[in-house]
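The following blocks contain the structures, represented as structure tokens.
In what comes next, chain A is part of two complexes: it sits with chain B in the first one and with chain C in the second one.
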Partner chain A sequence: MIESLLFYAFAGLAILSALLLVHIRNIARALFLLFIVLFAMAGLYLFALADFIAITQILVYVGGVLILLIFAFMLSNKELLDDLQPSSKRFISLPNWQAIILALAFLSLMIYSYISWAQHMPKWISQAEAKGRMILPTDNNIKTLGFKFMTQYVLPFEVISVFLMMALIGAAHLSRKESNK
Partner chain B sequence: MADLVVHIIVPVVIFAFIAGFTLFAVYAERKIAGFVQDRLGPMETGKYGLIQTLADILKLLQKEFITPSAADKILFAVAPIVIFVAVFIGFSVVPWAPDFIPANTNTGLFFIMAVVSIDAIGILMAGWGSNNKYSLLGSIRAIAQMVSYELPVGLSLIAAVMITQTLNLNDIAYLQGISSPEQIYFMGVWDVSDIGGILAWHIFQAPHLLVVYVIFFISSLAECNRAPFDIPEAESELIGGFHTEYGGIKFAFLFLAEYAMMFLVAILGVVVFLGGWNSPLPNIGSLRLADWTTGLGWGIMWTLLKSLAIVGVQMWIRWTLPRFRADQLLTLCWKVLIPLAFVCLAISGLWRILVML
Partner chain C sequence: MITLTHFLVVSACIFCIGLYAVLAKRNTIMILVGIELMINAAILNFVAFGKYDKVNYGGQVFAIFAIVLAAAAVAVGLAIILNVYRHFNTINPQNIHELKD
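The block that comes next holds the complex of A and B.
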């Protein structure tokens, strides 16, 4: 009962602040609304028993990406931002009717998949349930994740770390002062 | 239903504790400042000035709400709440005694790291919302500092976690005393599972963890914007930093958050490195000091004593050392603490593989 109440509270918070976020004209407030959206999303991950993902979401997106966004916003020129305002209306130059078609198509896709899943539960779910191979709220998910990363998914894991390393070196190179030649 | 009542009582008790702690910490801070500077400190209100901070808080609570006319009203009002709540949630996963912990989660340490980073958002809100150049400069400095110093804090905690193999703060505390489920070795050679006490603390389980704790302590000072790392609120340059425009109860909450943060990093260091609720007294032969001084009441007492001692050291440092310049601060972080933390991280990995297995 309380769980479902909390779930709808988080979901409602995420949707409402996301709607307000794209509507609001004040960029500073929009960035802080993004904080609420990301935070509510982290709450929703908890209901999928993904506590590690939820905390990573807060640590990476709220503690890192969002702070960088706000920081960049605060260091940028005020007039530059004012110039940005009127043109931002046509930033994604999609006519309204196209957007509505897209939104409706996405909605119907979700409703269709929900109905088809409700009618025929995929076999692997019922099999896992029968074998008792389910994640419980008290499980140590981090341990499982760590073992999976270093055994079954070690190649994608290493590829991602090399990719992040490349991004890091690239960022360091771009921000380096040019030597006087 | 009983669960729900507990869920309400526990935060209320923690909040009451933080408020009481802040009252006496401010008094202690002023007395320590007086001692360091060879003067008496507050003496007028009550015996030895004991109720001075109580009078201060009464004055703060009575004050009018003042919002600057050019401020962003919503951000200005919300910022103190965000800052305080960010620190306050951190207390939910800290153990006080054996299995006496508000939320016994497997992600405790990681959770604290994430939650503390929300604090930075609150400071940006306060700085931007005040619409004051000193506030904005203060909050930009605060973020540059907090984001940089989150790295050595994180790396030093990871170095410790590689030894403990768990992020659950309750289990981490268990691994440092006589009730440990695993064998404990003093400096990796001498089995002290039965002796316990100060010898079983993490800082003595491996020689490099002592260095790691020093890194953690220095960077935790910077995390809570304490002197010598208090350039975000450098009074001589920025008036009051990000809280220049705040007054009354909003300022009281910012103040509460600052002291709660001090206590949070102190208790986190105690739980991860200094044995948590484990007794510092070892078992010596038939003199079972560690056995006698382990338990619920003892645990709470040890946690509190150790954390308050660390807070005392924080205050002592604040009034002893002069303030760093911004460039010195970031040089210390990026060129000294982070490389050192990486070296300790590598040693932790080798230690785990070569010594502990």
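The block that comes next holds the complex of A and C.
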């Protein structure tokens, strides 16, 4: 009962602040709302018993990605002080309604397919439920994840490491000063 | 009782909000934020399905991979955005319509 309440609270927090994020015109405030969305999503991961993913989400997104976004925003906005004034422009300008219609159509399509899909889940899910092969709250997730990374998933792990290094070198190369050439 | 459908519906909502941000925003940073929201929805689906996969832990492992991919994408994307801003003095994608110098 209390678990469901907490789940709905986190889900409502995530969805409402994401809606406010796309509504608000001030980018600085929108980026700080992204903090709240990411924290609420980390809370939702906990309900799927993925504690390590939740911590990684907070470390990587809130600690790294969001700081990068705020830096890029501050480096690329001439009208920072103008943006901090509350603007009274209307919410829905003309091109936006097309985007709203598209997003709502996609949402209704996905919700419809989920609801019709919930009647007959794939076999591996029902088997896992029947045989009790689900992840339980008492399991030691982090230890198992560490073993899995170094045994079963060692090839994707190495590939993603090389990819991350390539991306960081590429970012440093792209953002260097042109006069240093 | 929280079922799989709860997670799927929440992630569908977050995904569509991100889709709206990508389609409607007039600022490249907000478009990047929309892409982040969509990636977060995908990660939520990964962990929700990964709950039923105790043998392989596939959902959680690939959720971590998705987080790494998103971080790399943001780093490269912001470097490109800063270059574009230096070149065009704007980050409105409507005004950026030529590739040559």
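Operating definition for what follows: the second predicted complex is superposed on the first by the 138 of 181 C-alpha atoms of A that agree within 3 Å, B and C clash if a C-alpha of one lies under 4 Å from a C-alpha of the other, contacts with A are read in each partner's own complex, and residues count from 1 in each chain.
Assume contacts are C-beta pairs under 8 Å (C-beta built on N, C-alpha and C of every residue); 3 or more make two chains touch, one makes a residue touch a chain.
It should be emphasised that the depicted structure is a prediction, and the values quoted were computed from it without experimental measurement.
Asker: Will chain C clash with chain B on chain A after the two structures are superposed, or do they fit?
Answerer: They fit side by side.
Asker: Is A:35 contacted by the first partner chain B, the second partner chain C, both or neither?
Answerer: First partner only, chain B.
Asker: So, does A:67 touch the first partner chain B, the second partner chain C, both, or neither?
Answerer: After superposition on chain A, A:67 lies in contact with chain B alone.
Asker: Between chain B and chain C, which makes contact with more of the residues in chain A?
Answerer: C
Asker: Does the superposition put A:52 against chain B (first), chain C (second), both, or neither?
Answerer: both
Asker: If we overlay the two complexes on their shared chain A, which of chain B and chain C does A:141 touch? Say first, second, both or neither.
Answerer: Touch status of A:141: both partners.
Asker: Applying the document's definition of touch, where does A:103 land relative to chain B and chain C: first, second, both, or neither?
Answerer: Second partner only.
Asker: After the superposition, pull out the minimum Cα separation from chain B to chain C in whole angstrom, please.
Answerer: After superposing on chain A, chain B and chain C come no closer than 14 Å at C-alpha.
Asker: Shared contact residues on chain A for chain B and chain C?
Answerer: Residues 52, 56, 64, 71, 75, 139, 141 of chain A touch both chain B and chain C.
Asker: Looking at the complex, which residues from chain C come into contact with chain A?
Answerer: Those in contact with chain A are residues 1-10, 12-21, 23-25, 27, 29-30, 32-34, 36-37, 40, 43-44, 47-57, 59-61, 63-65, 67-76, 78-83, 85, 89, 91.
Asker: In the complex, go through chain A and note every residue touching chain C.
Answerer: Chain A residues touching chain C: 3-4, 7, 11, 14-15, 18-19, 21-22, 27, 30-31, 34, 37-38, 41, 44-45, 47-50, 52-53, 56-57, 60-61, 64-65, 68-69, 71-73, 75-76, 78, 95-96, 98-100, 102-104, 106-107, 110-111, 114-115, 118, 121, 124-125, 128-129, 133-135, 139, 141, 144-145, 148-149, 152-153, 156, 160, 163-164, 167-168, 170-172, 174-175.
Asker: For chain A, which residues count as touching chain B in their complex?
Answerer: For chain A paired with chain B, touching residues are 2, 26, 28-29, 32, 35, 39, 51-52, 55-56, 58-59, 62-64, 66-67, 70-71, 74-75, 139-143.
Asker: Considering the complex alone, what residue numbers of chain B touch chain A?
Answerer: Touch residues, chain B against chain A: 4, 72, 74-75, 105-107, 110-111, 113-115, 117-118, 120-121, 124-125, 128, 136, 140, 143, 147, 150, 167.
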